[in-house]
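I've put the structures underneath this note.
What follows is chain A paired twice: with chain B in the first complex and chain C in the second.
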Partner chain A sequence: MSVASPQRARPGRGRLHFNRTLPFWLLLPGLLIIAAIQLYPALFTVYLSFQRIEPGTGRYIFRGLENFQRLFSTRQFIESIGHTAIFLVGYCVLAMTFAVLIAMLLRQRVKVTAFAITVIFVPWVLSDVIVGVVWRLFVVPQYGLFSPFFANPSLFPPRGISVLTTPPPPTLIPGIYFPPAPALIFLIFASAWKVLPFITLLILAALQTVPNEVLESAAMDGATAGQSFRFITLPLILPVLTVALFNLILGGINGVGMVFSLTGGGPGTATEVLSYLLYSIGFARLDFGLAAALSVVMTVINLTLVLLTLRLSQPQEER
Partner chain B sequence: MTFKKRSLIVASLTLTLSLLAACAAPAVPAAPAAPAAPAATEAPTAPAAQGGESVVTTWYYYDQNNTDPQANERVGNFYIAKTIPLFNEAHAGRFKWENVPRDYNLVLDLVTAVQSGGDVPDVMQFDITHLPTYLLNNTIQDVEWAREQPWFSDLDPQAVEACTVDGKLMCIPISESPWLVYYYTDFYKDGFPKTPEELLRVGGELSKDGNYALTYWGSTAFDGEAAGRYFYQVISSFGGRYDDGQGNLKLNTPENIKAIEFMREVVKNGLSSESVFAGNFEEEEAFKQGKAGAFPTGFFIAVRYLNPLKSPAGKDYANIEEAVNDNAVALAPFVATEGNKPGCSLDLFGFVVPRTAKNVEGAKAYINWIMDPQNTVDWIVSAGGGFPTSASLRADPAFRTELYKQAQAVGEASACRPWFGSLRRIPEAKKIITNTIYDLIKARPDADIAAELTKAEEEYNRGN
Partner chain C sequence: MAQATVLTAMSSSAYRPQKRLRPWLISGALLLVCALMLFPVFSTVLLSFKQQSDVRRTPPVFLPCDDEAGNFNLAACRFVLEGYGRVILLQPNPSAPLGFQITGRIFTTYLPNTILYAFASATFVTLIAAMSAYVYSRYRFRLRRLIMVGLLTLAGVPILTMLLAMAQMGNAIRRAFPGYEERLYMIVVYIGFELPIAIWIIKGFFDTIPRELEEAAKIDGCSPVGALWRVVMPLALPGLLSIFLLTFVGVWNEFIANYLLMSRQDLRGAMYGVYDFIAQSLSSYNALAAACVLVMIPVVVIFLFTRNAFFHAMLEGAVKG
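The block that comes next holds the complex of A and B.
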């Protein structure tokens, strides 16, 4: 017996149009808010990067690419690029390596309770400034908890170091700011410590999606732990690793709170990274045109790094 | 979408947005085109308080609502809380004072508020180092009306001169504070040394067993504050300065080079601890704990913030005044080379009126009220700091204590002036100067001083 299905009522043209445009209207309020609080300031920053204040009148006048020329000719900018590169590499490598290791350990039949997760998350929920102040107190020259350790000449020859005040050693290659000052290394550790819980949990979640059966059959086929990780686990968690790397890169380049509270850019300019230089030019020197130019440059750097990360993290066959 | 396509889209979008924005009409509210010293008053539409009184707004980094007796700015906090009712009572029916507590970024806040047409105070406390920044950004209006007030003729002419730009009075100088040396008499039994050589010799003997001859602000923290502190004290004591009198940075001089060589010796010989380079006021601790024998600093800074103290003999003092009265601490000028007076940086405090202040009449009433002798004394002791610029007020008992007497004698024995001289881009100048001197005395003590000073000059003067 065949039962004729009731004919579905066809929507009219107006209704169809409404259905098609509804998502747009629903998104519009949010888009407008984003435009007001994100797009406008971003565009205004680009506009400002071509302006300079006229001494005495306080008016902004169009000066073309002058701010960019000034920026590229300052020693501080070149130095801070070097410091940022060292910071970013150290920060990402340290955070990713430890996060993967800890996540792998946690996956080995360790039951992570809600309480443990809360405790693990503590560094992540603290503000950058608080973390910076606490880590600073560890190494303040006169009374820091770890200061005597670092000042020990047998551990740090020839005279020990003071993390916050020892200048960077002479550069190995002129113009390349390496090796970094102890303060920059300490800043990398503090920043990585703060972000570690988030990255760890992200990777742990990804690891838990890797099917045990696949790993077990690989082991039965004679694959070593390293081979399993390289050819099974890593490709499967790669999308999450990419997200984690995005997070680290963007946070690493743009974060200023930790530098501000831990080292204040010092000793000298040894920890003056791009974000701190931006703060310094904008809020201390009140040179908003130059600060805007630096913001534009930082945006380009951010975009480049993000696109590069995307490119490198794509599976080989999709390239 | 391929990487190439994506990159192209992003690049094109950035370029288009840049061009659009650069060609767009200025979005910043344009300031009036008049240069430097603008016309007196603009649209004084003062907000009305209840009962027909108009509100006079001030910005201080003091908070009348903070009653914490341990707060860093407790003295100023209590002063504002105490005086708001007094002002309101004296101006009942006409003006009502409202203070908006701010953080230490007052200069940034004021400049940006004026530029963006935001809320500004009607009157604000200033430090002389802020003046060039305000002038550069057209942030304040002249206060020429003050010249007609009965209290004006009593002000120190040099202080008035420092506030005068192109013949117009741009600030009201109420107090001044010299930079000098606080030292423990236990350490320096024969008084603080008079010459650099003597300081190196005596200091070398003192810097043993965890003690140090002196402590000072030597770090690059706070965007180069050291330029106006210890660095300038030493530079000026060697007869040097930072500018050429024409607004250019002039660092490469024989006097400055000798001063930097002296600072190098101090660091190299361990006369100061590592904490002098740590920033965040860590250098103060060595003096407060009786570990450093001397502290070159601002007179007012020590009065307000150097507490409590423990002398090298182990005696506790609640504040510096108590220690001076007990002769545990004394004041002295910094060392000087032969033929030079000891140098010192001079701080000057008072009031400015923002260009877009709504209640200029209220600002005048507030300033006139503060300039009443008793109110001036209160303001200087509690909010401003230092000595009055009014000659007659210097005889007030508040400024005749042992501490003030010693400070006055030191000020008179020193050659004091604002550290920036004719330089106008102060925030930029202080950062360049501090980074350069720090680099030469700490990071690269073997670097060629003259060459580095020349590089610093070029960096600043390119912007002139």
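The block that comes next holds the complex of A and C.
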């Protein structure tokens, strides 16, 4: 024992050492990539938001909160917040309502349930860009399948509308961008159609956890379907509804592919939501400082929502 | 647990609860929902097979099946491949195997790029996420809780707000290493963005694998790496597969990062191809629809064959954040 040669001991100890540090080596690649691709750009964006780029030399000059001041005084920013708010309200209400209805239908197990679950989920695997094109093709001027419907003057007075080109009606209250352009409403429907499967599945999973015995005994005690939904099902699925709502808001704020392919931000700036504004400031107008400030604002909104979701869903950590 | 119940709903041997509504009424309503949900897809497929003269008709026609007199007649249906022809753009080429060569950019450039991005990202995400998730599932160490919550928070922050900084990063790399393969950067970006949520989902799968199995393997002389590779990985394979598919489809469908980070058109993927086609195809809407159909077919087929894997991963991920 005591005379074991160092040459023979070393490989053994080396392996022992490797086994003990194994967790570190397993974690390293993931942490490195996340640090490089998520952490560093986030910090760099914050740094950039305090700088102004000198036009000639491309040098960064520290300008404090100037970018934020510029952002909040830009009319475009205020307008796109208005668009985003209208979009989010419509999108969440539509998606939540239909998701609850469809999930309630799917919970009743009938012969077509398995088939329906599969079919209903097809839109979810389609890309934003494709969904945008698919819905755009419905309303392209003149030749779209729904174009005659929207162009009908008796349905849409006074002259009928063309979804992609009709500008928003005059605002009721100055400074509040309401009512929205037809294109924004159409965008809401297209986005809700795409996200519906995901929200439906979330709610369906929650509905499955509502015990049948409770519903049955409530029915035996004379509760109507509406009452048992209101007083048994709804309270039980409320946490999941909240998670679903935050998922919707997050996706709604950040989805941009559909705006690109469906309306391109237009007509005019009628469908410029925050995410599209970020593109048009940062990549079309190349105003990096301003775009970085907008990124920071959006990241703060996102982080708040994520942390709220985490707090509300309370993932069970240890087992 | 939650996803297990959804999945039992899909099997025919599912437990049937009490029926308060008539089954045929529910079935009817469900079929109506299915029809409404599929209508946009169906209408696009139909449009892609129309001929140009039917595409540009006012008022538009849903089924191009009317005869000269304007009556509906199944025998008069006109379905053509004109739209697909404009996407694929076959050119005669004597040296090509079949005498024809595909010259449509979607096929020569954009789809190959997308396939590369999707395969490479999905493979590496699955591998790296499995390694990390194993540690988070099996070991207890300082900062573990903090890192996990941090990962979850990052998973919620979308790619969009970081694109500005990443475009700058891309420019800097391009300037520092002229002539490097830019697609590598794209793949690393996708890996970085898909990793956090993948780690969380795989950790959930690992947590359900009993620890005793590995311990037994270790007692029988298996090294920790061996236990991970020979015992845990095979058991987690269905979960890993679902992460692979989820990432694959996610990257396949990604547009904005690819569009803004890749400086040249020939580095961009199929979604850019479709976007570009909107302007290119002008009013040949059948070609635009055909491009959409061709690009979405692979993911729809993958989804239809592996839907349970999707539902698993999706629910696991959604409840987490």
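Here is the rule we go by: the second predicted complex is superposed on the first by the 264 of 319 C-alpha atoms of A that agree within 3 Å, B and C clash if a C-alpha of one lies under 4 Å from a C-alpha of the other, contacts with A are read in each partner's own complex, and residues count from 1 in each chain.
In the analysis below, a residue touches a chain if its C-beta (ideal position, glycine included) is under 8 Å from a C-beta of that chain, and two chains touch if they have at least 3 such contacts.
Remember, it's a predicted structure, so these values are computed and weren't measured experimentally.
Touch criterion met: A:Gly56 reaches chain B, while chain C stays clear of it. By the document's definition of touching, of the two partners only chain B reaches A:Ala284; chain C does not.
Comparing chain B with chain C, more residues of chain A are touched by C. In the overlay built on the shared chain, the residue A:Ser154 is in contact with neither chain B nor chain C.
Judged by the touch definition given at the top, the superposed model places A:Val119 against chain C, while chain B stays out of reach.
Of the two partner chains placed by superposition, only chain B is touched by A:Ser162; chain C is not.
Of the two partner chains, chain C is the only one touched by A:Ile130; chain B is not.
In the superposition on chain A, the residues of chain A contacted by chain B and by chain C overlap at 42, 44, 48, 136, 140, 142-143, 283, 296, 299, 303, 307, 310.
Listing the residues of chain C that touch chain A in their complex gives 1-3, 5-6, 9-12, 14, 16-21, 23, 26-27, 29-31, 33-34, 37-38, 40-41, 43-44, 47, 55-60, 62, 128-129, 131-132, 134-135, 139, 141, 145, 147-149, 151-154, 156-158, 160-169, 188-189, 191-193, 195-196, 199, 207, 223-225, 249, 252-256, 260, 271, 274-275, 278, 283, 285, 288-289, 292, 295-296, 299-300, 302-304, 307, 310-311, 314-315, 318-321.
Residues 3, 6-7, 10, 14, 17-18, 20-22, 24, 26-28, 30-36, 105, 107-108, 111-112, 114-115, 133, 135-139, 219-223, 273-275, 277-280, 282, 285-286, 424-425, 427-428, 431, 435, 438-439, 442-444, 459, 462-463 of chain B are the ones touching chain A in the complex.
Residues of chain A touching chain B in their complex: 42-44, 46-51, 53, 55-60, 62, 70, 73-75, 136, 140-143, 162, 164-165, 167-168, 264-269, 280, 283-287, 296, 299-300, 303, 307, 310-311.
For chain A in complex with chain C, the touching residues are 15, 19, 22-23, 26-27, 29-31, 33-34, 36-42, 44-45, 48, 102, 105-123, 125-131, 133-138, 140, 142-145, 147-148, 193, 196-198, 201-202, 204-206, 208-209, 212, 215-216, 219, 225, 240, 243, 247, 250, 254, 256-257, 260-261, 275, 278-279, 282-283, 288, 291-292, 295-296, 298-299, 302-303, 305-307, 309-310, 313, 315, 317, 319.
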